[in-house]
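In what comes next, chain A is part of two complexes: it sits with chain B in the first one and with chain C in the second one.
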Partner chain A sequence: MKLQKRRSDKFACWAFLTPTLIFLGITALFPLLYSFYLSFFRLKLNLPNQAPTFVGLENYLKMFTDSMLHVSTWNTIVFACISVALEVVLGLMVAMVICSDSMWSRVATSIFMIPMIMAPVAIGTMWRMMLDASTGVINYFLSFFGVDPVQWLADPTMAKISVLLVNVWQLTPWVTVICAAGLKALPQDCIQAALVDGATPRQIFWKIVLPLIKPVLVIVVMMRFTDAFKVFDTIYVMTNGGPGTATEMLPNFIYKQGLKYYDAGYAAALAIVFVLVMALITLFFLNLRKKEEDNVW
Partner chain B sequence: MKRLIAIVLALVMVLGMTACGGSGSAPAAETPKAEGGLPYAGKTLTVLYMSGVYADAARAMVPEFEAATGAKVEVVDYPYLTLHEKALLDLTSGTGSYDVIDVASQWDGEFAPFLEPLTDYIARDNYDMSVWIDNVLANCGDWQGTIIGIPNASTPQTFAYRTDLLPNGIPDTWEEYREALAKVNDPANGLYGVTVSELSGQLGGVFDYVLWSMGGNWADEDWNVTIDCPETRAALEHLYALKDVSDPANLAWGVDESIQAFLDGKAAVCETWPSLGIVQNGDNPEKSKIVGKWALDVLPAEKTGLTLLSAWDVAIPAGSDNKDLAWEWVKMYTSYDMQNKFYDDHGILSPRKAFWEQEKMASQKAVRDALDTANMWWRIPASVEADSMINTIVGAYLSDQIDLEEAVKQLDEALTAALKNSPPEAGIKNYNH
Partner chain C sequence: MVKRRKKDLASTDYVISNFAGPYVKWILVVFSLVSVIFPLYWLTISAFKLEQDYRAYPPVFFPSQLTLDSFIEVFTKNQLMNNLINSATISVVTTVITLLIGSMAAYAVQRGPLGKKAKNFFGLWFMVQKMYPAIATAIPVYLVMRSLKLIDTLLAMIIMNTSFNLPLVIWLMMGFFEQVPYELEESAMLDGSGFTHRFFNIILPITKPGLVASAILTFTATWNEFLFAVILSINKSKTLPVVIAGFITDRGLAWGPMAASALVTLVPVVILTLLVQKDFVKGMAMGAVKG
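The block that comes next holds the complex of A and B.
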């Protein structure tokens, strides 16, 4: 009887999973495998009557000599590391402040959510106007403090900082919401016990709150890190990768190869390497999270 | 096995997370609708234009076209930066989403294999091709002797300037030009010598017209790259020198910001396409502080007098199911009356010879003359990659990320790579140089 029930459960399990697996197979796995296949061919989609020509590892080897790829990769790594670090630190700090159930906390959370729910293109357009060195509102306010006009988008270094800060502004609220949820779920008895024992707020944060919330933070960092590597819309609207190569990021570079230059083989190879690196990063963070959970519990 | 499945699922998850966003809205499918007596009743025509005045003009024509044909028209538009990919994806896949595409002439050679040759339609209707300015037609719509599109808008790169500050107009050489700008440059009082669209995507064209006027070229007629030359260095140095007489924010400015600065009276010269805002608003007191104080002039002639041509031709994709109806649209959109109306309502300059012979165009003789010599960059599949890389490299030089020699070296490598990646078809010469 038990065996029959177990078989029946197993059947139900697969019955529910099958549609999703088929859907994922068609929409994700097949394109991935086809991209992998295509990455060994030369195929320019904008040339008439083009047939894929097998070129072996040529598309992969090209990556080692493509200086624009190196620039955009470095830009993306710097962008991802700094933006995620700032977002996690700021997000956690804000979450500590608003993690109560009070009315003001709920209002503050709602206000914090606004940048997160705005369309990236709208955000890019809005910030592009606000950061204009001559007519933008940011420099206008800074002028009250005697600050000379800052070339937010025309100077390479400032352009990097600008797109980074806009990303932090846009996505810190997401980190805040997740961290606030994690903080609310912490066992209160530990904190109360520490208070009774005379622990200071700083000790409570470093010795109790942070270790307990680490698994949540690891997931937050993982999701934000993979997301930061995909940054596209906002930067495309704000700077289009400029000035020069200052804000050229990997997704924009791959987009150009695939959809501007129509170099399907090279774009496929780039996408495969990109996906593999992202997969490795994801697996690393998933392992880290498991370790952290094991340590906590 | 479990580990393998886990890795595959992780890859699938990451692919989902890294997938690009959704594409633009696809045109609606045809919805047959009976309307008695009209030749194309029940048909739906989908036309693709660049956002802005060209799409506005198309929308303005829709009621008249629908009344004349009985067909329904849907106008789809995308900004210039994404129009190329939207159009080419449709053309190469043969999906036929669009029945008419307004093609920028630099894409003619790339799009030509996927467009319907208009030769038969022209012969059938005795459509007069002699009405078009010869140089415009040669650079726009005519690809290797075959008409693949009908020209409908053509603007030579001209400069808008302040008549009160530069009463003698634009000088004949770039050196004199810089000197004239330096004399009027007065940042302390909010006036710069010049405003230029130097945002990536616009900057390449700026570099091109300076280079061409100085006698430099991307390549010779046999596609040997010739960019590593004194003229390229001089053109780059000229653009760098303009930083002294322009708002430092120029490197981040597109067409809109440049034109706005000029209309706000913050620059003596505007180096951008006047037809994208200055012609329409320059004398509108609600939108301009320079009413009655501006005019258009040709660029410094320097050695060759060549300038950049922006030209568009309406074409019919080979995959369209409504080619006859599309041809009717093309004819109406490019008709003399409609082109005149588009100028009056939207400031679009027509490539028709007769358009320029009207009294109202007499003051723009310099612009008309420039249409006889204006040039377009490569019109082959490599042009998009070449132009994109020129934008990036010139931008890097102007923002001090690379020095002059490195910029020239990178330009040479980029153009060579673009030609290697998308070689021109055998027998096609580079006459756009």
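The block that comes next holds the complex of A and C.
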């Protein structure tokens, strides 16, 4: 009787898993394998009737000489590092100052939720409107301080700064909300004990709060860092990689290779390398995190 | 003396929020709130401005006259209603499918009679899957959808969005199932309730907050999804984000209609999120910690 039960449980368990396995197999694993296969071929998407020709490692070798790829890789790395650093520092600071049970802090949290649930495309277009060089409201504000109209999206350096700041606007609230949840769960007695001993708020921050919140910060940095490599929507609507290659990032670059220049083979090879690199970064972070995991909340 | 006593009894929140003194605190609060609110105010007001006002320089901060012209234009000329219905259909269907098969898979992995190895394998797979960049599958998915004649259909969008959101939902739900006490299931098992019955009648009802959090995250992600929406749609299956992006590339300065469609996109998710803010935050925090 018991054995019978066990067997039917086992059957039900696999039946529960099957839809997901089939779904992910078809929509995630198969495309990846197909990408791998395509990466050895030359295939033009705009010529559907042309048979793909086998070119061996040509698509992979092309990566070493493609200077556009090198530029966009460098752009992505710089973008990821600076944006994550700014977002984490700013996000934690804001999370700390709104740490309170009062009404205004709850309202503030609700307001901070909006940028992170807003469609990134809408964020990009909204900022494009505000950063417009001739009619934009940001340049209008700057004119009070005697600043000449800034070519936010047309000048290569300013365009880099613009996409970075928009990313900070979009994702600092995410860091804030996660950190605020972490702060709420801090053990109260440590801080109370330090207060009794006469510690200043500054000492409490550096000696108690920061070490206690560190596991949460490690996780936030990991998630933001891997996500920053996938930035696409805001870049696509704000600059589309321009001017020139100033804000070209890897996802946008791969997208263009495949769906603008129709070079499916090369795009597939790029995608494979991109996935491998992301997997390595993820595994590195997962290892780092294992050490912190037990300390979380 | 009184002052001293007050300091001793200061709450933890108070100490944390004054980590750099009250001036820094209030400057930061005001600065961060203004920098979040002003762009949103600007977007909203631009959607309701007359055409001469949204093109004006110096910019008009408090328009003397508000109008629905931009909304009328996008709903008549651009047929935004079709896109709104597309977005709603795709998001709702995706959310339902993802929640159903995702929570079933999560329960099977978390509580099913699988070996430890299988459990770890699935856990790692779903975690890696969550990190994987969507662009990596764009080309092959486009080719497959093209040969299946699924380009420009809602079905293609639903399939891809379900695929993106499944790993996250599985991870979230695994976390929620983990918190369900074993005794509850054991007693149900003694009463002769099988795996399927336990899941639907005992476990799911008590993990409702988890389902709400997963639903809202999936809905929002699908509603806002852009990369595959732009690749897989031509005209019939366009979603709201594709329309918004279209304003930029097609017509340079149509800020009013563009702001109006952005607002139409933003308002439903804001309402939904505020309704279930607590669960949303909890889900997001858990999603972050869990993977």
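The rule we apply is simple: the second predicted complex is superposed on the first by the 273 of 297 C-alpha atoms of A that agree within 3 Å, B and C clash if a C-alpha of one lies under 4 Å from a C-alpha of the other, contacts with A are read in each partner's own complex, and residues count from 1 in each chain.
The working rule: a contact is a pair of C-beta atoms (placed from the backbone, for glycine too) under 8 Å apart; a residue touches a chain by one contact, two chains touch by 3 or more.
Since this is a predicted model, take the numbers as computed values, not measurements.
*Asks:* Answer with first, second, both or neither: which of chain B and chain C does A:Cys99 touch in the superposed model?
*Replies:* second
*Asks:* Of the partners chain B and chain C, which touch A:Glu248 in the superposed model: first, second, both, neither?
*Replies:* The answer is first: A:Glu248 touches chain B but not chain C.
*Asks:* Quick one: chain B or chain C, who's touching more of chain A?
*Replies:* Here the partner covering more residues of chain A is C.
*Asks:* After the superposition on A, what does A:Lys256 contact: first (chain B), second (chain C), both or neither?
*Replies:* Touch partner of A:Lys256: chain B, not chain C.
*Asks:* Considering only touches as defined above, state whether A:Pro115 meets chain B (first), chain C (second), both or neither.
*Replies:* The second partner, chain C, only.
*Asks:* Determine, under the contact definition given at the top, whether A:Ala279 touches first (chain B), second (chain C), both, or neither.
*Replies:* Touch partners of A:Ala279: chain B and chain C.
*Asks:* Could you tell me if A:Gln151 is touching chain B, chain C, both of them or neither one (first, second, both, neither)?
*Replies:* first
*Asks:* Of the partners chain B and chain C, which touch A:Leu183 in the superposed model: first, second, both, neither?
*Replies:* second
*Asks:* So, does A:Leu45 touch the first partner chain B, the second partner chain C, both, or neither?
*Replies:* both
*Asks:* Between chain B (first) and chain C (second), which, if any, makes contact with A:Asp233: first, second, both or neither?
*Replies:* both
*Asks:* On chain A, which stretch or stretches are contacted by chain B in one complex as well as by chain C in the other?
*Replies:* Correct list for chain A: 24, 28, 31-32, 45, 48, 134-135, 226, 229-230, 232-233, 251, 255, 259, 274-275, 278-279, 282, 286.
*Asks:* Which residues of chain A touch chain B once you look at their complex with the stated criterion?
*Replies:* Those in contact with chain B are residues 24, 28-29, 31-32, 44-49, 68, 132-135, 149, 151-156, 159, 226-227, 229-230, 232-233, 239-246, 248, 251, 255-256, 259-263, 274-276, 278-279, 282-283, 286.
*Asks:* Residue numbers of chain B touching chain A in their complex, please.
*Replies:* 7-8, 10-21, 81, 84-85, 88-89, 92, 110, 113-114, 198-201, 247-252, 257, 260-261, 266, 381, 384-385, 388, 391-393, 395-402, 421-422
*Asks:* Mind pulling up the chain A residues that touch chain C in the complex?
*Replies:* Within the complex, chain A contacts chain C at residues 5-6, 8-10, 12-14, 16-17, 19-21, 23-24, 27-28, 30-32, 34-35, 38, 45, 48, 90, 93-94, 96-101, 108-115, 117-122, 124-130, 134-137, 140, 169, 172-174, 177-178, 181-183, 186, 188, 191-192, 195-196, 201-202, 204-205, 209, 216, 219-220, 223, 226, 229-230, 232-233, 236-237, 250-251, 254-255, 258-259, 264, 267-268, 271-272, 274-275, 278-279, 282, 286, 296-297.
*Asks:* Can you list the chain C residues touching chain A in their complex?
*Replies:* Touch list, chain C to chain A: 7-8, 10, 12-21, 24-25, 28-29, 32-33, 35-37, 39-40, 42-43, 46, 55-59, 101-102, 104-105, 107-109, 112-114, 122, 125, 127-129, 131-144, 146, 159-160, 162-163, 166-167, 170, 189, 194-196, 199, 220, 223-224, 226-227, 230-231, 240-242, 244-245, 247-248, 253, 255, 258-259, 262, 265-266, 269-270, 273-274, 277, 280-282, 284-285, 288-289.
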